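Chain IDs A, B, C and D follow the sequence of writing; residue 1 opens each chain.
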Amino acid sequence: MPFIWPSRVRFADTDASQRIHFTAMLRHFEAAEIEFLRSLGLLRKDASVSAVNFPRVHVECTYTSMVQYDDLLNIAVRVERVGNSSYKLAFEAKVEERLVAQGFVTVVCVDTSSGRARPLPPELAEALKKSREAEGE
Amino acid sequence: MPFIWPSRVRFADTDASQRIHFTAMLRHFEAAEIEFLRSLGLLRKDASVSAVNFPRVHVECTYTSMVQYDDLLNIAVRVERVGNSSYKLAFEAKVEERLVAQGFVTVVCVDTSSGRARPLPPELAEALKKSREAEGE
Amino acid sequence: MPFIWPSRVRFADTDASQRIHFTAMLRHFEAAEIEFLRSLGLLRKDASVSAVNFPRVHVECTYTSMVQYDDLLNIAVRVERVGNSSYKLAFEAKVEERLVAQGFVTVVCVDTSSGRARPLPPELAEALKKSREAEGE
Amino acid sequence: MPFIWPSRVRFADTDASQRIHFTAMLRHFEAAEIEFLRSLGLLRKDASVSAVNFPRVHVECTYTSMVQYDDLLNIAVRVERVGNSSYKLAFEAKVEERLVAQGFVTVVCVDTSSGRARPLPPELAEALKKSREAEGE
């Protein structure tokens, strides 16, 4: 029932330990976030040039099992919290049935010109809240 | 008829010019190369730990048009040349019908322990040659 | 008094928001970690091929201020905790006097062949503990 | 006599082959390019938001020897060609005395709003030409 985005671990994602580099997992989470927002009808294609911007203010990730080149990550995304000017997403990555990483990203909405936090666009806040409720939380 | 791999430009692929960073295009080419080899039945999953290794010895890319966040690259891959111990692939990336990048990658087969070039595994050389012929070159 | 590593934000570190990409900050933390370990005489050059390996099991970062292309990060590193088979480092990045990011990385020592946690090498554990004490914590 | 920029290979630069990933070399070239331009008094800090922009239109690199984690690259940069609206730089990376990579990058000056090529800013063109002559070419 949750949104799940499949994302393939590429050779460029690995490091000399022959595992995925820890930052590469976060790039896969980012791809999953974008596709999750797209699934809600919230395409952010023009975010970078619009009046509002969505920087991350907090990121965390726990790595629970080894991930290697060419593994297929299945990344579940759900809405953890919707605030006035920020939202928090939860990510859970599995390789087959094995949990490999769990993380959270907190995104704040800022006014591009002033750089200060501002309320989330209403359609974004609403869609995220609906998604959160639909998951029965 | 050529092999084409669709690959989405992610936010992490962009830079402050609001275009794709030039190195990110080459990571998309790498993904296309892997999928091309998979399509030929040549899964390289264990390459990193096996007796042979496949470093790049030459890479080049011409960027012909602007690529932005969330653009969908369609990357055509074809075999340009198959040598004794190396092969060369050609890449052509389009966004819709617009050509955005063209590149070449030359990969050499090396013995992992000695670090020296050695002949391509026969099944790899044959499959690449067949693919090259199938394209009528 | 704490160890500080200066690290320049590169164009490849930025994204289309014209700020540093959040994962790039973590790569700068990694460079600071390596140089911190080098300063303690713990060069990890051969880590990747040795009998032990040091994957990250937890990473977190709070981004408190905007970072742009060519900013010079000054990254303070200190030892937060030394366990039996893991250690935790704290990072604080400033641009001039402005705090821009704070993070933590927890690294576990694993046996390369079994993939299981094992005690930290004694010289590593000792040097980290000494560094922690020297900071008066 | 040529400009040389020392740049350390980081763990994030490596891949599962236990060498530098081929795209990481190009990121080190980019750092060397920026520092080369800085040495000529051509700080490009504001390039991303100014009226002109400098995308790469061609990149190539030949990898001649193995590069590993923590190797110190010494990257020589010189001006290969200065055109009306573009310039080409040559890069040569060594680890100690061993040549490990040679590459070229062609950068074009474009008008940010129209996206079309335009003449190089005169101070940039002049400084690059002077540098080229100083190398006796």
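Convention: contacts are C-beta pairs under 8 Å (C-beta built on N, C-alpha and C of every residue); 3 or more make two chains touch, one makes a residue touch a chain.
Values in this document were obtained by computation on a predicted structure and should not be read as measured data.
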Farthest chain relative to chain D (centres taken as mean CA coordinates): A
Centroid spacing, where centroids are CA-atom means, of chain B and chain C in whole angstrom: 33
Chain centre separation (chain C, chain D; CA means) in Å: 28
Between chain B and chain D, centroid-to-centroid distance (C-alpha), Å: 23
Residues within chain B bordering two or more other chains: 11-12, 14-16, 18-19, 23, 27, 30, 48, 69
Arrangement of touching chains [line / ring / star / complete / other]: complete
Parts of chain D lying in touch with chain A, wherever the complex brings them together: 11-12, 14-16, 18-19, 21, 23, 68-69
Sites on chain A touched by chain B in the complex: 8, 10-12, 14, 18, 27, 30-31, 34, 43-45, 48-49, 69-70
Chain A contact footprint on chain C (complex, rising order): 15-19, 22-23, 26-27, 30, 47-48, 53-64, 66, 115
